[in-house]
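In structure tokens below, several structures.
The following pair of complexes shares a single chain, chain A, combined with chain B in the former and chain C in the latter.
This part shows the complex of A and B:
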């Protein structure tokens, strides 16, 4: 309490122009959206479990309600061992990609930046392709795939960052160009490896297009700490991202350690993205459309854009995955196809409606 | 009631084993079936005819004389060529042709064929299973005869391909008798082992890619009276190889699971049982999981008999616990 009072005193001289937190109506909207997406995801799927039956099953796990589940062991397994972890992974990956995208757009002041900008996707792709094509660690590389993708993504961004730094200059353009260079190189190597082992092309291809199929709750529990840590760091820096928006020199003159903030945000976003792609593959477009849709709704302040991107990204990906696993049921589509195919028109719609309403 | 089909199956298997032993010396078969020997007798009298025109999936292919420098880019065709006694005429096979062991494996690729590299072997016949990137056209431009044999749609298609290869290599008699033998053996297996409506899930990879009844392997299940759970997803993939969702497989709870990802992806009955939620699946509960050989299950040659036999035994075991 004392320290809170101290902070308040410190901050007191500053004029409060904008509300400090996220407005209640947006908090509620985000909560309702995520909850609805989760419930829809649980209730619907290639196998019809029945809405009421799913509701009874979920309620039966709450004590003192006296609700009996009508589920068979198979239905129970479908709901809790297949659907639920898949939705949980979707929430984590969606939240991560969207908030990392928003953060990247902030530090690079580039509206086209996405979590894959600095070579994370190319690096992860190379890592996964190598273990699949050369069958590293058995099971067609399935066991080592997440580790390889994670290492590839962090290495890709690391090399891009060092290259950008060695070229010199504090221009974000240098860093972006370094990222593009590294990504092009890694993609070339990845394609070579993929083509030299034709019988695994199918597997590599379906990994690259993204999927949220889990091997149970373990995957979710591995991703969770990375996403949590990364999100905390990104949310912590949301005000500084607003300051960065005015330009590096201006931010420096305001006392913001620009280089350090940029490194920290890029590192956090990369770590989280790497953990996400390690299990989900390369899901396109989420890191761009979700933050932009949020901006069109609530304005450009990162105090709103970051937390809301996180929430809407989570719900968005769960809904997209719902489409991916039901539209051609009992078969399924790679989720990357759905995010791009439905995401693009959705974004066009948001763009148009906000234009006509706005100034 | 339960023992009679089992006894019949054992009898068939014994007959197969005898036939296989007899077939090994490459001579006349010891008449495992009347059909095989009569077919063989008919063709022995026919003179080996070159020039010959055979029908491939790329249209008629004319060979002026018996080829003695064959390049096979098809693992199935390689197996057949060696089985019908044309192995000596084969100078190179692609990197996927791992059977039989004496096949002259090269680094040629059937998936990404390099026309120049193939032409470098100066072949007088190229056999391929795919035609990617203008392979057939490129070789024909160079005056090299190409016999394209796509994946057979069903068992009769596979028998045809064997006979075609026989005609193209001057091994008509051997090819005809082997094809007839295969046909008889499979027909006998199908008669004894009828799945009578039991459901089957054929796994191509641990990401649940599978094969519908439209495919060659699917036609084997149809023949054995099994119902393929992949058929509900046939609309999702025109080629007959859709990716199922795990939920669907669990809810269908197939009576029989056939793994053709044992070599590529180290899947076994034990790894399947450990997958989340799969412990409830009928096939897992009853132990009706067939660990097939990836190679045999993805080809459509003579070794298909071994696969059919494996499935037939499993069908007999269905529900037995």
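This part shows the complex of A and C:
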């Protein structure tokens, strides 16, 4: 057997390869997934634009290809002024919620952690509810809603963090307990404000359940820098999240400034999430199921989990939004309802078909 | 002198857990800390690793631990904790590569030479065949080898072992201690370990320090510290210390004065 040695050589582990980048097949899978979700999102809706026509329209904007668009001005407006910004926002929000969830799970070594758990959702909810219920800034608080939600989310997590730090003790557990405490308090205030202004309950409620309705590209451009900066910080820390998997003590003995890493990661994930929910409302569950589904596919190393959560989260939310705006068209479902309604059974299926799950 | 400590005290929640302990460990030496539960062994190790605030002085190669940065300490001291946190889905190679962390920049990715260092650490511990296994699938002995390999990959001159054999069967205990002894012999590694098994402490350490109530009660070569009187006094145990050419020193527990009448058949 002349080839046996050759085969063995091929199968032998390549010894000097550092475990660093994301394997090519996962890069390709993620790209195909995001691209497919985006194209479907652009083509489908109450007005069916047609996949091929959307493809031609997109390609017609590239010079030298000689592709002609077949779109009427109305179709053109639907695509570029309505759907495209909405899908861009979906990509950003999905990427942010999923990667922030993954980062929180790593930094707290807790499979259920995400920024919502530490008060981001409750704070954003309170902020938005106050401006809606008290009509701050006019037009049902519509203009100030994102700012109020952003400030609320940031303050919620900030207070939880300071409270947790001041208590001391075992940091991760204390912080989570502080977060749950702050969230419960803020939710109580939010519920009170909501109930005390009965005529706006409906609007508050639909904000809380999440929606990706944009007022065009402006919203996208406001969210973009936050998501970009936050993603860069989170991706930059992905190897340190792997070190934190051995616990605060051992990570310290490996030279990692644990408290500083945790603060930076929490701050980045929280700011990004706050910017995302400011425009999308409280879309549930994405920060939990996307990172766990990714872990079940590629293992637990944040080297892979963070970048892939980012990509799959982006595509996932666009697909969920597609469902939200098509199943009961011309009406829309709140996207938070869709993510939970479809996401939960999907996740249950993934859990049942694989062996373990962990942060 | 690799490690020199003087008048080290540590208070945890107001209780003085380590109280004015001094020690010196020369290059390539193995110093064993023994003592009953709560004697302060683990806390003393944590102070040496810079993981807990202390008063007094702990010098690593002449530099005060408290004034060295986290990373600088991690390059000099590798710690094998009593109960390591084991991420079950991590592969052994990924886990051992974590030992290279103090040699990388903040958030830096491991380079090919770090993987080489991790593989050679595993090889030195007879664990080369474990590289692709997941930690959760390893036996206790294999797992301890992975943890030791991570510490070796750290490339520190001082190895701190906190009860390195506490969860292992007698064969695996021996293997792990022999591996540490071999590392010390061929790598000039200095070892400071807390040990529960007094026989092993006597067989492997060059010198022993007996701690009780956070204070040093005795120190010196094993034969001077492992005496029936000291063990009775500080462990409340009745033992016989036997020593001969073949076994070296062995501490054998005796059943305390129980009537050992056997039923007559």
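Here, the second predicted complex is superposed on the first by the 335 of 359 C-alpha atoms of A that agree within 3 Å, B and C clash if a C-alpha of one lies under 4 Å from a C-alpha of the other, contacts with A are read in each partner's own complex, and residues count from 1 in each chain.
The criterion applied here is as follows: contacts are C-beta pairs under 8 Å (C-beta built on N, C-alpha and C of every residue); 3 or more make two chains touch, one makes a residue touch a chain.
Bear in mind the structure is a predicted one, so any value in this text is a computation, not a measurement.
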Kindly classify A:224 by the partners it touches after superposition: chain B alone (first), chain C alone (second), both, or neither? neither
Touch test for A:78: chain B only (first), chain C only (second), both, or neither? first
A:198 contacts which: chain B (first), chain C (second), both, neither? first
Using the touch definition from the top, say if A:300 reaches chain B (first), chain C (second), both or neither. second
Report for A:239: first if it touches chain B alone, second if chain C alone, otherwise both or neither. second
For A:256 in the superposed arrangement: first (chain B), second (chain C), both or neither? second
Would you check which partner chain A:247 touches, where first means chain B only, second means chain C only, and both and neither mean what they say? second
Which residues of chain A touch chain B in the complex? 45-47, 73-75, 77-78, 81-83, 85, 135, 138-140, 142, 195, 198-203, 206, 211, 213-217, 325, 328-332
So in the complex, which bits of chain A are touching chain C? 13, 15-20, 236-237, 239-240, 242-243, 245-247, 249-250, 252-257, 295, 299-301, 356, 358
Contact residues on chain C for chain A in the complex? 49, 51, 70-75, 77-79, 81, 84-90, 93-95, 97-99, 101-102, 104, 106-112, 114-116, 119, 131-132, 136, 154
In the complex formed with chain A, which residues of chain B make contact? 96, 109, 111-112, 205-209, 232-233, 235-237, 242-248, 250-251, 253, 261, 264-267, 271, 275-281
